[in-house]
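Both complexes below contain chain A, partnered by chain B and then by chain C.
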Partner chain A sequence: MAIEIRDLNVHIKDAHILKHVNLTIPEKQITCIIGPSGCGKSTLLRTMNRLIDSTEGVRLEGKVLVDGADIIGSGAGITELRRRIGLVSQRPCPLPMSIFDNVAYGCRINKMYKRRKGLIYAVQKNLKAVGLWDEVRGRVRTPASRLSIGQQQRLCLARSLAVEPQYILADEATSALDPVSSKTVEDLFVALKRDYTIVMVTHTLHQALRIADNVVFMYLGEIVEAGPAAQVFHNPQQELTRNYLSGVFS
Partner chain B sequence: MPNRYEMIQRRILKDRVAQGTMCGLTVFAIVFLAAMAVGLYIKSVPVLENHSLFSLLGSSEWKPMKGEFGFLPFIAGTLWVTGLAIIMALPVSLLTGIYLTEYARPAVRKMVFPALDILAALPSVIYGVWGMLVIVPWISERVAPHFIEFSSGYTVLAAGIVLGVMVVPLLVSLFIEIFTNVPVELREASLALGATRWQTTRKVVLRKTIAGMLAATVLAVSRAMGETIAVLMVCGCVVGIPSHLLDACYPIPALIANNYGEMLSMPLYESALMFAALILFAVVLIFNLLSRIVLYRLERRSI
Partner chain C sequence: MNVIRSKRIEELFFKVLMLAATMLVFALVISVVWTVLSRGSRAMSWDMITKLPGGGFYIGKEGGFLNAIVGSLYIVGASACIGLLISVPVVFYLNVYLKKTSRLAYAARLAFDVLFGVPSIVYGAFGFAIMVFLGLRTSLLGGIIVITLLIIPIFIRSMDEATRNFPHDILDASFALGATRWETLKVVVRQIAPGIATATLLSVGRAIGDAASVMFTAGYTDSIPTSLSQPAATLPLAVFFQLSSPVPEVQDRAYAAALVLTLIVLILSIGGRFITSRFSKNKL
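Our next item is the complex of A and B:
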């Protein structure tokens, strides 16, 4: 299953942020959303897990189908929806607790494990999945804020994975990281697409070039062009896309 | 036209003068605090020379005519009233603060904030009058008959309620300040994992702000301990250690305000009142120091 967006319009107060967005996000691939800042990339991402709700004066129209079910206008299913859609934000933000508790947080919230053993195993598994286990074993009870920024971001990813989502949304997840950590996280995403459907907003074209299976180019709240990465990058259909890719504007 | 060098000299001079002035004022504030403590101590020396500290703090005999000064009833009264006020005000303020920052729409916030400010700025004598006209009769007629035969209504309970109501706006605005300082990303991280807003509040916001909440509470307690007029108007001003909520009480600020300037011809009386002020000073100081230590520990432990 996948995410399908049909004629989505998002207004925030008087501003028309997203205009008639139609998009299909194929499963178990990486879809990169690119475009100049302020074009609505993040808004689109935040609509997919309805975090946009916390923005004041927001109005949603249209349909966003996740696994065939429309998430716009449904109230009660939001928390379950958010469990199924993980989010990795721009700046890593570990919760004010230990490394272990950070990863366990979502599991506890969602009451996923009856026994403590299961929880410990899950935390271990997810820390291993992001390559953090070897770095933090023996000090998982220390505050997560003592990790380096790159480690924190991987911890946030582990935290998202721990609630067993099907989708991962990443909002410029590597932009606050140093080049080495950035590369590590990027490689992680590539490895994870085997099991997860990944939507990524990215600020660097190079990153999109490296890892995207599909590319969505947005401009002023509209989708200008979307398609397989090879096609969008090497044979763009739109003038605007060509100009953006060749660096005429950014 | 002054040359470049002179202009730079003048700017540096201004900077130095500004720094010096501000530094001086800061030092003044600290010296002022110390001077007050020393002044109170000097004034209380006579009574301290005639009585042991133990008997002053531990005795409940208050007979100024006979030269007996036991401050225990007043200390107990202060603690009873302050404790009751905080116990009542804390949950109310906390839930109000949570509602306003985590749940309420901005329009609601815009309406409530000015109201809170006005409540916080009301002169305490108005709260006192409200207590006398509303709370005291209510306790005397409605509450007390269920428990004891007769109560005038001027009780620990009345003082606690009035003081609690006075502290709420202060606490709420402090809590709001603290909660709004929690980064939005942190809340979103929790929500994105499928947590409800209540879960997010309990496990993330409150956890992150525990040190700040403690500091706010300490500030409120300190304010409550020193509150005089409103408490004096409804506490009953009867010397004695209160044994339950429907007893009258006599907190330290009320003692000082009621008696200073009168009967000062009595030997040691003025000195005794100054010693009462010193006790209050010390209690607030110790309370603040203790909370600093706890805060320090909390901050070192996590976050």
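Our next item is the complex of A and C:
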């Protein structure tokens, strides 16, 4: 039991965005959150690393247990929490610095390596892990903004991995990418689940079908159905899920 | 066919109009530079920029206006430093800490816009009132205070403009790695530093040319000030006083001072552009 959410309610100003969410996210598997736009998928994801805090007028109720510790209401541990939970967002957002510095950034602020050698090794390792090393070796000092969009997204993933998180949250991480890059990133996630617990918000059902171990279907801020992928896709219990999967609405 | 023809004529008409307007601006720039250059070069000499006004300088005898060059640089240099110390935190607070919909940010921006629009003579009068209140006489300090007041809204507005549309995803990306607000601020600086540098140089270029605000506050003198309480000459006032002279040689010297002023502004503008292109390579 890696992340456990108990009776979570999220209000943003007057809107009740997440309603009584109860969810368990199992360790070292890929959990895909699906549902129509505006159903609260991203809000749920952003609650798990408290990035939701930067939204204006937000109010959280309930419990989100990460490794047994409630992260709601504990102000002090937020930066440490975020280090343990990596985030890959929809559009790649490299920091305004070189490729090397992008990956090294998290390590530096978290003071992970005393020696430069360790840092260089870590950058290399993580660029290799996302399959970017062969493409950028020899130009790691050039600005990250010069990479293609697909490469930037993998760089962002490498940057997240560099701070040695336990969890990776991906918010439609492939939706801005071309099909080839999208496939590369998708395959990466599958490879990474050996070591990481992955929570992914996705818009494409096919993607969820391909890579999910568990599926969570949300609608209007509520979890309609959650369970192993095979069960949710092939034998949905709820009428709403069946309709969504068969394309009655999207 | 007629429709296509009339569309073509319409297109051509507006194209010519836009081209003409652009050319007009070019012509304006060239004629200003030409006037300053042609009349200024008659009086321009090494003495002009290296010597203080001698006795009888203002009736066409020997000397230069080094006093005004140094005075202007003193005042603008000090004001720019103080102005930056005040403006940069304001711009960061507005753009990084406050939310986009914040009422305080709205009110602050409105206030800066109002200050930006206040004519410089009003700053001069305001500065003069403060000096009377504090018992100061026309001095370098008075000039610095007023030019600082003048330059702050220009700084804030142009920096705000350069900072406002920086991608906010950067904040999330940095926070998600476990960075604090302060650490994230350093990333933001990298993104917006070129914009800030350019804004600074352009604002300084505007402030150095202002005559109205320093007239009653910095005063005018033929010597270089050695303390904050002494009056200081400035280039815009050097132009003003010499241009009011009936002696043609002295009038030409006004153009020489204008030439120096223009050159300083030109160097600042080119410097601004250079910094933007040189240091924005990492910018997104």
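Points worth noting:
Here is the rule we go by: the second predicted complex is superposed on the first by the 249 of 250 C-alpha atoms of A that agree within 3 Å, B and C clash if a C-alpha of one lies under 4 Å from a C-alpha of the other, contacts with A are read in each partner's own complex, and residues count from 1 in each chain.
The working rule: contacts are C-beta pairs under 8 Å (C-beta built on N, C-alpha and C of every residue); 3 or more make two chains touch, one makes a residue touch a chain.
Computed from a prediction, not measured in an experiment: that's the story for all the values here.
Applying the stated clash criterion after superposition on chain A shows that chain B and chain C collide. Once the two complexes are overlaid on the shared chain, A:Val163 sits against chain B and chain C alike. Of the two partner chains placed around the shared chain by superposition, chain B and chain C are both touched by A:Pro143.
Using the contact criterion defined above for the overlaid structures, shared-chain residue A:Gly131 touches neither chain B nor chain C, since it reaches no partner.
By the touch criterion stated above, A:Gly62 is placed in contact with neither chain B nor chain C. Contact with both chain B and chain C is seen for A:Gly86 once the two complexes are overlaid on the shared chain. Residue overlap on chain A between the chain B contacts of one complex and the chain C contacts of the other covers 49, 51, 54, 56, 79-80, 82-83, 85-87, 89, 91, 93, 95-98, 105-106, 109-110, 143, 145, 156, 159-160, 163. Listed in rising order, the residues of chain C touching chain A in the complex are 99, 101, 167, 169-180, 183, 187, 190-191, 281-284. Residues 105-106, 183-196, 199, 203-204, 207-208, 302-303 of chain B are the ones that touch chain A when the two sit in their complex.
Against chain B, in their complex, chain A makes its touches with residues 49, 51, 54, 56, 79-80, 82-83, 85-87, 89, 91, 93, 95-98, 105-106, 109-110, 143, 145, 156, 159-160, 163. Against chain C, in their complex, chain A makes its touches with residues 49, 51, 54, 56, 79-80, 82-83, 85-87, 89, 91, 93-98, 105-106, 109-110, 143-145, 156, 159-160, 163.
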